[in-house]
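For reference, chains read A, B and C in written order, and residue numbers begin at 1 within each chain.
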Amino acid sequence: MNNARCRKVSKWNIFAFADRLEIAFREQARNTEYTVKAPRLSSILMFPLLIFFGAACTPKNQDKEQTLFLHLREQLRSFDPVLAKDIYSQRMVLQIYEGLLHFNYLKRPVELEPLLADGMPQMSADGKTITIKIKHSIFFADDPCFSNGKGRELTAADFVYSWKRLADSKNKSESYWIFRDKIVGYDEWRKHLSEGKATYDTPIAGIRAPDKYTLVVELKERQYELLYLFTHAATTVVPHEAVEHYGEEFSEHPVGTGAFRLASWDKNSKITLVKNENYHDDFYPKEGAAGDASLGLLKNAGEKLPFAHKVVVHEISEEQPQWLLFNRGDLDLWQATKDYQPQILDGDHLAKSFAVRGIKMSLPVSTDVTYIGFNTENKFLKNKKIRQAMAMAYDQALLAKRFYNALVISAHGPIPPNVEGYRKNIKNKYQQYNLAEAKKYLSEAGYPGGKGLPPFVFEMASMHTTARQMAEFFKQQMAQLGIQVKLQTNTWPQFNEKLKTKKADIFDMAWNGDYPDAENFLQLFYSKNISPGPNSTNFSSPEFDKLFEEMKHTLSGAKRKDLIYKMEDLVMEEVPWIFNFHRVFVFVEQPWFYNFKYDTMIMDTFKYYRVDDKQRQKDKER
Amino acid sequence: MKTQTLLKLSLVVFLLFSVTAVCARLGWIATDYNQVMPSLSYQAPNSTYWFGLDIFGRNVLARGWHAAFTALLVGFCSATLATVIGACLGACAGFFGGKIDALVVWLFTVLESIPYILLLSAFAFLFGQGVYNVCLALGMTSWVLVCRLVRTEVMRHRQMEYVMAAEALGASTKRILFYHILPNVAPVLIVQFGLIFLFAVKAEVILSFLGLGVEPGYPSWGFMFDDAKQELALGIWWNFACAASMMFVMVFSLQQSIEYVRLRLNQGIAK
Amino acid sequence: MLGTSTLLFVLFHFVGGDPVLTFAGKNADAATIAQLRQDLGFSGSLLQQYVRFTRETFLWDWGTSWVSHGSVLKRIGEGLGPSLTITLPGFLIAYFLALLLAFLAVHYFERWPDTLLQFIVSFLMSVSFVVLILFCQKIFAYDLAWFPVYGWDHDIFKRWSYAALPIAIFTLATFPAKVLVIRSLIAEEIEKKYVLTARAKGVFTHTIYFSHVLKNILPGVFTMMWAQVPALLTGSLLLEAFFGIPGLGNLLLNSIQASDFPVVKALTVMGSIIYIVCVFIGDVLIFILDPRLESK
């Protein structure tokens, strides 16, 4: 025994050391005087390790009956319709809440349809009065906020209340612009409320509920977009009991009339929706657009909605985890971003390895436009020729290939496809890459080879990797003209501030359509919308303004289209933007997932989706 | 001793590395770091391009060297700034004591208590992007540790006999500080300088990665990692490998060099 | 503490984008913005704003988050659990590991196991945290699929499968530094006379190590440990961002990027308070642990 303890014996033999330890421990077991920490140390170490590995290897066998597994690319902000300002929150809101109208799921171009309204709204002859009938027997979801826990019936007064909330400045709603300056007495009520001179009981002249199922809206003047706005998430109806009961926590406790209700929300992680037992009758459309039948989109025509009993939505902002989850079959539907598109696509078809698995793909065009904006009030950028030169030095084809895998539609002007006024086959001279012409224009502007121009600052709207890479691309392109560009990352709030205070000279932006009408895109060039409004380039042209105002008073038809064309031509020539693209999304669905058809404007979609559980189990075990 | 030779070797490696990086910056090697070859995007490593090409068709290895220089620059400037501020404030606090000491202590307690990332982000926002701004931000947040150490050392030395002797002889405060105390504090300072250098290099990478660091387009390992984040899943590993290995070589050799310097200085003092 | 809050106020005021403009949204107009400015408390002179800021801080009134519109305190409370689930186990394991390895190293002081350990430790310390995360996530979660890549489960049992890899990475990243420090502490202690006496007496090596030396270095180790406790509570920003863990680090990052002032303010001020409190408690505990200090 004594020899074993002598260090010299086992100088290089680590096993002897271990032996010694073991002998020692056995000795200690007999000798209770000394406390030994070492064995406990190692066992304490082992225990958690075992738990980790054990738990990590546990298969996840959850109840997957008619459950959809979807994801959000950004964290959900709020379930409160009035506060849901980003499209992700709006999308979620519209699964739980409903508005007067919505878009038919299948018809393209998108068509308005009544949802909670009983028939389409009736307009008076002068267009200033809209009468809407509300459907009977629509009930809110059951919730503890109601007196007996059961959802009560919807009435027209609920709409009046919900729209008042939108105007309530205490809610600081970003969607207030929807009804601002349009409805009689609306803005005055908002002011009086914030001054304490009015309450929620004070009536607004422009929104009345003369009886339980009738809603009447009085406008200051005819508004063509208003009907579209009745589909917006912010105009959906909420019960006052829920707002009063939950107070500040209302954002997390939505109570609506929609097909689903919120079961649980693990913040920044997972949202679980379940079917709303009180959901009114709603059926899958019986007819759709051309080609829908062959895609199998009419299989469930006329059937009662929703199909799913549960929806699990993961909030994942990183792309790699999204991809992995989809690949393992844990996500039913996925929007593939640029870096993963090459893995899934073969040109613009699905790659063989995925097609073989039965995975489906769709490439819907988004109702948006991406662009690089110039601050037209900047000393140098005021000069049209400089802007035109920069546009022609920007190789958009390369941009499309490098960053979008060429899966985009080149934009010649601000109006996207799917919107009335879009012209398919025209070409914008300044969108074509022509370095020689660009150099010529720059010389004509008085700055040959870029001499005399200061370095411009290019503001990025985010700190995202891809945004940075695209900015570097712009810098490289402008270097061809001899123009120096400095790049600046920003957080969204910083970027916004620069835009609205006219401090952004050249910037990278996109405009997502609020509703499918050309006006929503052309208003971005209207001089009355200059910063802090949405006209971030501060573009001002009296000729444009005249055409714009005329368009606002023209009914849909040939004359309106003509005005739209003229405005677009004007903007194409003036180049306040380098028009980039209308984005194309790449959606992939698992073979067991059905009824998916995407459009930027249609958000209340979960109720149409259907999964085949048997097929899912079979296919997952490949 | 064997360890000492290894450490000496590390110092040599570090110096070689730095010299190469400087050469790159001076334009003697790796000149094609900004040369864009869009059609050859993401070319895998081969005999001409040891680490392949990045998304814009730029030579990854060349960018790596320039990024190395950025790291060195940031490390050096931040460390200098931090050491100078820390030493000055620490010396004042330690030497004069009383109200000045209380003020300095209060100052760095306040700074220390703010979560580090936030302080750094705040300074980064405040100063904006760019290499020198990053140096400024890092310098201004790292001086605290130096200050603490210097203050303790100065306080300790102040009590020693040689200082009292110097004071008795009528030496001016400035002379005492610079001529007598400073050389004794120097070893600590040098080691701290090295440590902050190291820290700054690592921090710059993280800052650039988060978008708070140098200007985009300027080569930095942080940006290479940021690009790599998305590329790895696609099987494009060379961007990551280049940045990771270069950074590792530099950080490791620097670390060992500091150890070596510390050892030698301690030996020197022990004499 | 007044100093801290003043500094924070100054920082917030001059740094970051004007939150009112972001709040107003893309279709705002001047009137709406002015109204918002008043509602959010950004009107009035700088001094008025400062007074309001200080008052709210001292009254522990953190208000509502601008992003989620729920109580700030609630959000912070929700984030605390996940952060601690990662950092606390990682912290403890790192220390156990560090202690064990340090003892092993000293046992073979200056011989090849010690050198090897030092080399490995230095190696690990040189690897950037970012690199470690990217590498581990790719190899262990993606390629080998031993761990889930991303996500979180609030259930107390299910969450460990998501926490496993982050904890492992956290441990890997933090234990090297500790090993070196503890090793030098032990090395110093071993030189002391009582150890020599004990060895001569024939006491078992492991007893010397664990019963005697360990107890004596405990104050030193404890000081080191305690200084890192505040950081534990804030969680690791990078880890949480990459693994989608809804902890305080993630909350801070998101709030900074969204300019959610109330949350950022609450987190930083609370962080400072916790730091100060920890330092204070730490001093007290040290006295309890090492009675010898009392006489100093």
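The definition used in the following text is that a residue touches a chain if its C-beta (ideal position, glycine included) is under 8 Å from a C-beta of that chain, and two chains touch if they have at least 3 such contacts.
Everything numeric here is computed off the predicted structure, so don't read it as measured data.
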Query raised in the report: Does A-B or A-C have the larger number of C-beta pairs in contact?
Result: A-C
Report task. Select the chain at the greatest separation from subunit A, using centres from the mean of Cα atoms. Result -> B
**Report entry** Distance between the centres, which are taken as Cα means, of subunit C and subunit B, whole angstrom
**Finding:** 22
Query raised in the report: Between subunit A and subunit B, what is the gap in Å from one C-alpha centre to the other?
Result: 41
**Report entry** Euclidean distance of C-alpha centroids - subunit A vs subunit C, Å
**Finding:** 33
Query raised in the report: In subunit B, which residues are in touch with two or more of the other chains?
Result: 125, 229, 232-233
Report summary line: For subunit A, residue numbers touching 2 or more other chains are 320, 463, 494
Report task. Specify, in ascending order, the residues of subunit C that touch 2 or more different other chains. Result -> 16, 142, 256
Query raised in the report: Touching subunit C in the complex: which residues of subunit B?
Result: 2-3, 106-107, 109-115, 117-118, 121-122, 125-126, 202, 205-206, 209, 221-222, 225, 228-229, 232-233, 240, 243-244, 247-248, 251-252, 255-256
Requested in this report: Give every residue of subunit B touching subunit A within the complex, in rising order.
Outcome: 36, 38, 41, 55-56, 125, 128-129, 210-212, 215-217, 223, 226-227, 229-234
Query raised in the report: Inside the complex, what are the residues of subunit A that reach subunit C?
Result: 2, 5, 14, 17, 20-21, 24, 27-28, 34-38, 41-42, 44-45, 48, 51-53, 55-58, 75, 77-78, 80, 83, 85, 169-170, 172, 174-177, 180, 194, 248-249, 251-252, 266-270, 314-318, 320-321, 324-325, 463, 490-498, 500-501, 514, 532-534
Report task. Would you pull the subunit C residues touching subunit B in the complex into a rising list? Result -> 3-4, 7-8, 11, 14-16, 110, 115, 122-123, 125-131, 134-135, 138, 142, 234, 237-238, 252, 256, 264, 267-268, 271-272, 275-276
Query raised in the report: For subunit A, which residues are in contact with subunit B within the complex?
Result: 319-320, 323, 339-340, 342-343, 398, 402, 460, 463, 465-466, 468-469, 471-473, 475-476, 486-489, 494
